[in-house]
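Naming follows writing order (A, B, C and D), and every chain is counted from residue 1.
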Amino acid sequence: MIDKRVRSLAEAVDGIKDGSVVLAAGFGGAGSPEALYGALLEQGAKDLTIVNNNAGTGRIGLAGLMDAGRVRKIICSYPRSSGSVVFEELYRANKIELELVPQGILSERMRCAGAGLGGFWSPTGVGTRLADGKEEREIDGRHYVLEKPLKGDVALLKADRGDRWGNLTYNKSARNFNPTMAQAASLSIVQVRRFVELGEIDPEHIITPGIFIDRMVEVPV
Amino acid sequence: MIDKRVRSLAEAVDGIKDGSVVLAAGFGGAGSPEALYGALLEQGAKDLTIVNNNAGTGRIGLAGLMDAGRVRKIICSYPRSSGSVVFEELYRANKIELELVPQGILSERMRCAGAGLGGFWSPTGVGTRLADGKEEREIDGRHYVLEKPLKGDVALLKADRGDRWGNLTYNKSARNFNPTMAQAASLSIVQVRRFVELGEIDPEHIITPGIFIDRMVEVPV
Amino acid sequence: MPLSRKQIAWRAAQDLGDGVYVNLGIGLPTLVADVLPEGREIVLQSENGVLGVGPAPNENELDLDLVNAGKQPVTLLKGGSYVHHTDSFLMIRGFHLDLALLGAFEVAENGDLANWTTDDPKFPPGVGGAMDLAAGAKEVRVLVEHTTRDGSPRLRKQCGYPLTAMQVVKRIYTDLAVIDVTKDGFVVKEMVADIDFDALQAKTEATLHKAPDIKVLSAPAM
Amino acid sequence: MPLSRKQIAWRAAQDLGDGVYVNLGIGLPTLVADVLPEGREIVLQSENGVLGVGPAPNENELDLDLVNAGKQPVTLLKGGSYVHHTDSFLMIRGFHLDLALLGAFEVAENGDLANWTTDDPKFPPGVGGAMDLAAGAKEVRVLVEHTTRDGSPRLRKQCGYPLTAMQVVKRIYTDLAVIDVTKDGFVVKEMVADIDFDALQAKTEATLHKAPDIKVLSAPAM
């Protein structure tokens, strides 16, 4: 029997290794697996690379992991959200590495990894500083730069409903990076607002099919 | 007011030009816009390139277009379905051109066009005859070939429900190539089983957002 | 009188036809959402996967899972839909949006856009969706104050700040003028009444050309 | 006695663990769906966007919009889902499937697979999803009759027919044996009782190695 549900947050994040690339979902608070971020702090893995649209706010969640010295590198599109105080402190002190990636390319690079492709030619950023060091090529009269797949060791996700096979739905714009990150990581862990019976989600409405999910924990927020 | 509904099949296919690349959805009968294929035959455009998984069966639909001499070239993954008699006749007589593309690459190349990318590095077909003439490259120890975007002038699609903004749902495996082809063509035309009021489809359940659709016609089969 | 920020947004909004799909950048362009012309269905797209963004929610409608690219709570219009981030940027990069209305630090007369970093060493750089939008919308227009707070021109021969994209801006809405970016450079289509062309030129680094049918730029009090 | 086609499928099915995600190729592998072991949840994927393919429908369940990759009507298991073609091949190409069970014309001792064209000049070639499956599943296994109808070996030193993918096949189920493809070549893990190793070798072009724990291959009558 397929049953991807686990009983505790500790069990959900068990075994995440030092040095992991962690795909961290959410856009602002929407779709952000705060309970899993907290559990990862407890779990203790360090030397992490975090992939998120931003770089944490306040001193909890992703910022909490940074504040505790667990994060070696951030790959994000916009580390300047108001309240990204921990990141800014570490950045100024040269205690964290930053790889800045345009938001759509961040997402497309993860999809590329999930789809088993070796890279893609992107028009985004051509002629800008963010294309520095990237191979450039003209194809049919337009210029592109080569972008590489971005694969995660772990994805930390948040969904609305989930069944024991790992089929997921999301709520409104909380969908954001979650479905793509689920496809791009070796180990995909999701906090789900509500477990439902197998078959309760109409198959036409499933956004993330269970094949992309490894572990689920119920967190009713 | 946005209203993409048209009143007749003739209006739906109006203006399709000779020489067009036509993305033709469906996998077997499922999701296949047979009424639009018939309308395109009536409309008269010729010298067409058809992109479909197969190469038509019987003497109607896509096979009807071929039988009437309207199709210059087929881009497909599997032209050997039982009943592809028209294609086989034309192929043996050297009266139709065939570009054979692996099924997943066919779909990915259309997505690539829809996503505004210049191409992608694919592991599929490396070391096979279908990689002949394609640029090959080793990336992180694995071999890939370069695949180019495949853009349509027109997409002919079939959906289940649709509202006046062009938001669509599909029925079961009739989804197949439809959502990707809708994204990859300059003019996306869909035959819809049932028009519904704006707002009747739950926004969480929309598979193709209306932005990808240009014209819709109701055909209740 | 120069236009207020809201009036600049209003002027840009007047050019949005019925049925257009538009992305509004952070900052000044976001104000466009509040001054959309009545009687037209205009579909706002937000990078985080919302197509058909509606007005800010009232208390009963508030759902923190529904935000725009600026992470402000919004609503969804009837006919709107949700997609994931990758599909959202497929829309953006694949020329599916009719228009991106973006903010800017500088625009060059060849259409180059600089709107992502001023290289302030005190802050890490951030790019967000700006480069994708600039590269992939069918048309890019900019809303920007004509000069900086200290009077330096933002409409330049070449951008001084790092580029967001090359040769993409087609029209600029400022507090003083509406300017098209053509192959001959900046062409002034409209300017406010109480400034003369030479004075406008003095506030602009690149050469301005006068459109044959130049009009007065005005906006209702708001 | 050599295994029947259904018995080959049965033998391959015995190796499917609880919870595996599997794609079944057209032809012989499709028979696996009818002989799945009881008591295990095995999730069959079909290229056309069906995850969790169930048995053939009865009259009341028949919906021509629900077919498998062979375009035969199927049903959906509870817990199954639908995706579009591009996402379906993302699953296939991105190492999300545990296993692809494929048919073959030939397999070489280095794992090369030829299963898409025999270059018959009377017919156009067709590839379908074979190359994507061979390139992207976590593991590829082949179900094939040990020799052609005229007795020519299908397990070869090198494939004679055009390749589908290089060095991907890990295990082969035939009517006579279960053979692993290792870095040392073909290793016979099981063989039917009424043939000796030399006779099996005579039906195989490439050299066969005997596994230390070689077992008898048998299947129930079916």
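Please note the rule applied: a residue touches a chain if its C-beta (ideal position, glycine included) is under 8 Å from a C-beta of that chain, and two chains touch if they have at least 3 such contacts.
Here the structure is a predicted model, which is why all the values come from computation and not from measurement.
Chains touching both chain A and chain C: B.
Each of B-D and B-C has its own count of C-beta contacts, and the greater count is at B-D. Chain centres computed from CA atoms place C at the largest separation from chain D.
Each chain gets a centre from the mean of its Cα atoms; for chain B and chain D, those two points are 29 Å apart. Between the Cα centres of chain A and chain B there is a gap of 33 Å.
Centre-to-centre spacing of chain B and chain C amounts to 35 Å, using the average Cα coordinate of each chain.
Computed from the mean C-alpha positions, the centre of chain C lies at a distance of 56 Å from the centre of chain D. Across the assembly, chain D contributes 76, 82-83, 89, 93, 135-136 as residues in contact with two or more other chains.
The set of chain B residues that touch two or more partner chains comprises 108, 111, 115-117, 122-123, 170, 172, 203-204. Across the assembly, chains come into contact as A-B, A-C, A-D, B-C, B-D.
Against chain D, the residues of chain A that register as touching in their complex are 1-2, 111, 113-117, 163-165, 167, 183, 198-199, 203-204, 206, 209-212.
Those residues of chain A lying in contact with chain C across their complex are 27-31, 55, 77-81, 87-88, 91-92, 98, 100-105, 107-108, 110-111, 122-130, 170-180, 207. Of all residues in chain D, only 18-19, 21, 41, 43, 45, 51-52, 76, 78-83, 89-91, 93-97, 135-136 touch chain A in the complex they form. Chain A makes touch with chain B in their complex at residues 108, 112, 115-123, 137, 139-140, 142, 144, 148, 169-170, 172, 203-205.
Across the interface of their complex, chain B is touched by residues 46-50, 63-67, 71, 76, 82-86, 88-89, 92-93, 122-132, 135-136, 162-166 of chain D.
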